[in-house]
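Chain lettering (A, B, C, D, E and F) follows the sequence in which the chains are written, and residue indices restart at 1 in each chain.
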Amino acid sequence: MLGEGIIKGMVETARNFFGSYHDPARFVTIQYPEQRVPLKENNRNFPFLVFDGADTEKGLRCVACKICEKECPPQCIYIVPERDAHGKLQKHPKIFDIDISTCMSCQICVEVCPFDAIKMDQEFELSTGDRFSNLLLHKQDLAKPNDYYHKIHPTEATLVDAQLAKERQLAAQRKAGAGAAPASPPKHAPEKLVPVG
Amino acid sequence: MIPLKAYLVLSALLFGIGLAGALSRRNAIMVLIGIELMLNAANLNFIAFWRFHPGTEPLAGVMFVLFSIAIAAGEAAVGLALIIAIYRHYKTTNLDRMDSLKG
Amino acid sequence: MQAAFFIIAALIVIGGLAAMLVRKLVHAVLWLMVTLASLAALFLLLGAQFVGFAQILVYVGAVAILIVFAILLTRNSEWAKAGRLASPSWLVGVGIAGLATGCLIASILASSIPPGVPVPPAASVADIGQKLMTEYVLPLEAVGLLLTAAMIGAVIIAMPEDKRG
Amino acid sequence: MTFMAMITCLPHMLLLANPDEWLVRLKQTIVHWLPGPWQFVISSLITIAVLIAVFGALFAVATLIERKGLGRIQNRPGPNRVGPYGVLQPMADAVKMLIKEDVVPRAADRVVHFLAPLVLVAPVMLAFSVIPYGQGLVPINLDAGVLFFFAVGAASELAVFMAGWSGHNKYSLLGAMRAIAQMISYEIPLVLSTVTVVMMVGSLSLVQIVAAQGGYWWGVIPRWNIFAPWGLAGFVVFMIAAIAESNRSPFDLPEGESEIIAGFLTEYSGFKYAVFFMGEYFGMFAISGLAITLFLGGWHAPLPYLGWVPSFLWFFGKLFIFLFVFIWLRGTLPRLRMDQLMNYAWKCLLPLALINIGVAVIWRFTAGWPGPLRWLVCALLIVLAFVWLEKTWMKSRELKPRTYHYAS
Amino acid sequence: MSWISSNLWLIPVLPLLASAVLAVTKQPHRRFAAALAIGSMALACLLSWDAFLTTLHAPAHGGIWRDFHNFRWFQMGDQWLWLGWLLDPLTAVMLVMVSTVGLLIFIYSVGYMEQDANFTRFFCFLALFGSAMLGLVMANSLLLLFICWELVGLTSYLLIGFWYHKPSAAAAATKAFITTRIGDVCFFLGILWLYGQSGTLLFYDHGRGCLEATALTSMVTQTTISGMAISTAIGLLIFCGAVGKSGQVPLHVWLPDAMEGPTPVSALIHAATMVAAGVFLVARVFPLLNASSGGGAEVSGALTVVAWVGSITAVFAACIAVAQTDIKRILAYSTVSQLGYMMLALGVGGYAAGVFHLITHAFFKALLFLGAGSVIHGCHEEQDIRRMGGLRKYMPATFATYAIGMMALAGVPVFFSGFWSKDDILHSAFAWPVSKGPFFLGLIGAFLTAFYMTRQVCYVFYGDYRSAHGNKRQNKMPHESPAVMTTPLKILAAGAILLGLLGTPAWPWFQDFLTGQHATFRFGQLFEGEVLGLMLLSTLMVAGGIGLGWWLYGLKPATKAEAADPLERVQPAVFGLLREKFRVDEIYAATVIKGTFRLGEICSWFERTVCEGCIRVVTYVALGFSWLNRFADEYVVNLGFDTSCRNLRQSAGLLSSLQDGQVQNYLRVIGVAMAILVLLLVWGGGL
Amino acid sequence: MVDLVRDDKGRPLPLGLEQSASIPQMPSELLEVSMGPHHPSTHGVFRMDVVLDGETVTRLKPVFGYLHRNHEKIAEKTSYIGSMPYTDRLDYFCSMTNNWAYALAVEKLVGLAPPDRAEYIRIITAELTRLQNHACLVGFLLQDMGAMGTPLMYAFREREKILDLFESLSGSRMMCNYMRFGGCRVDLPPGWLEQARRVVADFPQFLDEFEALLTGNEILMARTQGIGVLSKELAVNASVTGPMLRASGVNYDVRKVDGYGFYPRFDFRVPLGDHGDCYDRLMIRLLEMRESLKILEAALRDIPTGPILNPKSKLRNFKPNPGEAYGRIEAPKGELGFYLISDGSVSPLRYRVRPPSLINLTILEDMCLGHSVADVVVILGSVDIVLGEVDR
């Protein structure tokens, strides 16, 4: 019968029309600023720098090794290591900028960082009126406490903490055993271990 | 009250305008428009006379105009179809260049 | 009533003049529509309701669209240079038309048509329908046949020539 | 009439048994105060003002309903930011439209470009003047109302052409050509399906057509034309043609935004666009109003004991149902193609409308038959015609759901 | 008043509806087409029989059972045009004949046209034809009759030219159309005259009809040129139409050519029904033709003409039939001849005899044509009887039925209908007071009929199969036709035998039924001297014809297709003339067509001499002037010549610009003319 | 309709303007229209220069490159892993399959094999990608036909569920960057499998509704059946792949042909079309979704535990031995291939993408000639292009 398919289709849309009033499975809209979906734990947005303790400057785990700068595909990280008065390189970034207008949230910096110093943030409401200066995040913008890391990625952060503690312990043992051998970073950063789901 | 002659003069004017257009414009479509105007002038005459002098046949004027309108529609259809056909052939609607019966 | 007549008459004349004088074909059609719509208004004013509506329906709804389509289908010619308006042939045409109109108007004014009383003749739709189906049934059929023939003819004429079978 | 008399008259007026006459009486009362020569003018002006106000408001409501309804059909809430539940969205739209820059392309024909929206809206407003909205509520009771409706409706084609042509845009020209071809083609089935009603009622006056549909069969079923087989078929044909006439989905080719951007509206913006938009909505209201008048008993109540409800409410209630169906269709159906559209009009709707006229004739001449038999015979004829058309139509296009095989 | 007489219109309308439906049916719907056409025809046939049975009830007051219904068609000026239908015995008989034979032929066509691509269209035409023919016979208005008449002509044209891709068919269709048009023009003039005279075209209208006493008397008493009564003149004009349609002598040429159409068409139209329309027309307006001022005793001039035309046609066509070789053409000429018989009968006042022969002839001629079709079908579309032969063995059913038809046509005594009807005609002719010529011509015709039919049957069914491509290996031997074709043959054969028994002199039921008398059985009538004598005489002629035929063709059947005809060996010149159909076509070509050409030549001559002469004179004048000019040029100024040349060219150019194809120039002239006209009218005193 | 000049195989020849003289006769003027780059239905910044006769297409020239991003050259300058997030952006609807194709190419280059669990996860994510891609494509197609986006909205509703899965797995909804050479980046988060099973279990209901809305619709049939017919031969010759090829009746599915990943372990069928028109393309996609659901059900049932990354895999200083490799998969849009030449350094010497969208787009003109403008939009929609992949 001509028109049968059309009527079938109209029944379908009618079902959706009425369904949208009582069936939450059909009416999936979230009224964003008022309602928010809880973010997934794995959600990532832009990188931030983790610092331990209370002091933003001191506690930064970043040692300015520039691995992330090198590996970053869009090359949005700019690092200048700190130098002391003699011009000797310090294990601390003097400048650590991320241009998040270029960053593509790929998380490769996180993966390659041997020191677990850079992690992915979940902050996404970053809109700004000035796309040049306000989207270039500096060290102080990027530095966030470990607690914050725990807050947004609890599982991962716990694992990382455990790992770091183990490493520190190992390093202490090595230091104790090998005297004044300089502390060197572990050859391979262990992959993030996440419990099997 | 408007006298009958006023309508007749108006109709004559309209007729004259249509005639002038049909005589002076080069585009076949314009000529057709002029002819439409002339036809309508005639219609106006019919209605005016019908209104002022109903005569024995009460609806003759109206009927005539109705038929005239119908025929004008047919005339327009055929005329425009002819113009389009000629246009396809000569790629022009200029009447001056359509002077041959040969296709 | 008088004012209405003069306004409408002015519109008719202006529309007609403009339709014949403007350069662009589409404008001419639009002016033609002004004239024809005013004419329809005049018919209404004269009490010929049915004819007035039929005038609008046929002219504005059909003839205008037909002309417009013809203009679109003969697109090239629209932009062709119109040439000087006041060419000799134009003058001749206008002269002849003026002569004819002058003769007509003069004869109308000179004639002794009785002024006539505008009796409101009853032209209800029902009357017209009745008449069409009885007294005028033969012309009606003839017009129907004519329109059919015209339609078929128009289609055949306008059909592209290369349609073989 | 003195002021005091007026005051005493008011309660009397409100206490009238028939609520339909309130409005008429109200107007009469207001007009009554005025000196004689002004009465006609003011009366007309009041009618016009009321029409514009009512339909303007309806336009605002309709845009809102459309957006909300489409949203719900698509499982989203629709406008919900301006005012509670978004009810003030039309105002926001209006403000936006008004303050938007009115862009006119440099090559455009400015005068025609400007006139087109007006030429579209004005005739539609005229068409509103012959529709009976309620008992005694008809702005002009024309003898040839149906003819008047179609006559003024014909002007919208010209407006569309003006809009498409004046912009000097290829898409608008394409859209205008499509629109004209479509409107002319669908006007024929539209008029032909109207003819059945005119034939049966024997009058071109919309008031009489509504009056002829008063009363109830067996006291329950209203004597609306839609409950006769020819009326049902005529209604369906009429509605399909009406959808096409008002350029609504699935016949919204002239605007087909996914193909030709916005058709003849491409070069319009700001207020002119809003006027066009309003014109299209008005056209939709007008043609729905005509459909209601012709087939759905106009302002008559669907059940006898609901007669106490003011009649114009029934009219507008039916109008809202139409509106909803328009929205529903728009939310469901994809658009036809131009040649299919034309084929559909000429090869399917037109024969159906003609056959329907034949059936109406049979209905007319079988008045002596027992009701159900007459109904069945006429319905059977229509169904046969429909099946035949369907077969030829579907066969000629070879349209069918297909079965698929899988690679082994 | 009965149901059927008030609803008689249903009979033609049913096939008309069928044809209307078929006109819009697609070609592949073959079964539907056939079923619809046959169904509608069967219904019409049933109704016709009903009508016929109704008329059998003799009216209480005696006389002819006649019932008619008139209705207004449309208004012309202040007069209404009336149409109507009529049921009387003549109509009833014709209805039954047309619908029954038509039905049978419809059925037969299913088989015959099975392979044709345009099957549906064929049935559409057939149904349309049936409708028109039925409408024709039941018309109570000469106008309605004429409308149906023309429709019949149109369908005839369509059906003859059905295989329009064959040029011969297309030519034959055109020929038929144009030839009958000649008669129809006269017919139409007659109608107009009749309307002018009597003010009505209804046959019967409660005393006001044109065939009723009032009108007839007025027409008889008035005279026109050379003292001819107006009724006679009108009758003759109407008869011209009948001549055209029934293929009487001057206008018979189209009928044999019409055999180009499919055989069922030939059977239906050109044997049984349509050609009989002419005879029917004469029978229908018989009162008009018969009317004379001198009362019943005097023979009207119109009928005399009818009688002579009929008798001449009967012999003329029979002669031609003797020498033909195309199986259908022989039958066609036979048809012409038999139609002549009918006209003869009507002309000599044997109204009932003519109609009786019409009916019997319809049956056996349809039978013969369908048999011929079956033969053609069986012989793989071969139509030349010289290439047939011996089909008796291959097609027994066809042979048997064909033989019956042949004997009926030849008028073999007692058992076959043709005998009785022909005998009746001869009897009427014998009783004609004016002249015995038609009677003797009729006798000769009977002899010739028997002869050529025998010849045909011998050629076709006896001897050996002579076809060039007939050999068994290619399986090209003749074969019997399917049952759908032979069954109608059998039914028709039965009709061809039995019908005759309704009109024997002993029990002339049919004749009495037609003339409104009560039939009584008088066995003794058979043996009354005159009757018996005539019967014996005609039997003798028939026996002679058959005997001669059998002697010439049956005893020694031709063995080769190319062998000369025995008659041809005897009289080659005469036979050649006959084979060339008396060269009528050639005569027409030499007279009418050539005359037209000659007229054209005369016009051309006039153009060349007179007009051109004028031009030449002008030229000479111009030459003279130029000579003068040169003279002046030589002696006066050199410039003068150039100037005049230029002037001449300019004036020529001016003149030619009147013809430049510029529409607007024409328009201008019209505009100026209009202005002048207005001036003349208003101020020139035109008003 | 204009008679098109056809070659000996009966398909319309592409017409240049100089050839248009061989078209019998132009009934009216030709109209040259530029559809795009800002056109509502070109699925991005894509342009078609269309020559129209009335509304009939007599010539169509696709113009692309508006979205060109130098993807291949960038990949040749960056590390191997550095290209991985860029592949997300090729066909931004199907980042998972893009990742997989690239990972497959690199794995071939260095001879790494992912562990079983990773293979399963790859199949699950790839088929989920196929589901959402096909559903959205059908929605877009209907949108192009003027269906006011209703089917698209329904498709997006379902897509959201799948994207939620992707987000909780990889941290991003669209730019997943999830695969790694020799496995996957992270393991499934807790509860993920249950959620995925729920999504897969609910999906058939959506499909049923979707089909009720679409497949029998007369308008849709009228718009798609017999439109843009792509013959088998032309499809093969133009190296069209994916659902388009299968709609033309060619049985070619890389999952079956190559049997990469663990696909041979799964039982699924390959639907084939008979006509090669838009309707077939649409229906093939709907049917493929059903087959994907079968794969998903089996994969979610059978997924083993274990590591997800080959321990030999490394990110930094990843230097494959010199050589070349071509890895290809059946992406939702067709065969997606990555071709790599390594010279032993950290970045590939040559990096080349075989994008299905681009190659399927090449026969656009052949499909569109003789159809009307409205059909062009539908045909383009049925090709299923993503400009990110076309222009790279």
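Here, a residue touches a chain if its C-beta (ideal position, glycine included) is under 8 Å from a C-beta of that chain, and two chains touch if they have at least 3 such contacts.
Source: prediction; values computed, not measured.
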In contact with subunit A and subunit E alike are the chains none
When each step joins two chains that touch, the fewest steps from subunit B to subunit E total 1
Of all chains shown, the one whose Cα mean is least distant from the combined Cα mean is D
Sorted by contact pairs, first entry is B-C
Here the gap between subunit A and subunit C, centre to centre from mean Cα coordinates and rounded to Å, is 78
Per the C-alpha means, the centres of subunit C and subunit F lie apart by a whole-Å value of 60
When centres are defined as mean Cα positions, the distance from subunit B to subunit C in whole Å is 5
Going by residue number, subunit F touches two or more other chains at 27, 150, 154, 157, 213, 215-221
Residues in subunit A with touches to at least two other chains are numbered 2, 5-6, 9, 12-13, 16, 26, 28
So subunit B residues touching two or more other chains come to 19, 22-24, 88
Contacts from subunit E onto subunit C in the complex sit at residues 74-76, 664, 668, 671-672, 674-675, 678-679, 681-682
Counting only contacts in the complex, subunit C reaches subunit B at residues 1-2, 5, 9, 12-13, 16-17, 19-20, 25, 28-29, 32, 35-36, 39, 42-43, 46-48, 50-51, 54-55, 58-59, 62-63, 66-67, 69-71, 73-74, 76-77, 80, 82-83, 89-94, 96-98, 100-101, 104-105, 108-109, 113-119, 121-123, 127-128, 131-132, 136, 139-140, 143, 146-147, 150-151, 153-155, 157-158, 160-161
Per the touch rule above, subunit D residues touching subunit A in the complex are 69, 72-77, 80, 328-329, 331-333, 386, 389-390, 393-394, 401
As the complex stands, subunit E meets subunit B at residues 660-664, 667-668, 671
Subunit F contacts subunit D in the complex at 31, 33, 39-41, 52, 55, 142-150, 153-154, 157, 213, 215-223, 225-226, 251, 253, 256, 269-275, 279-280, 283-284, 287, 372-377
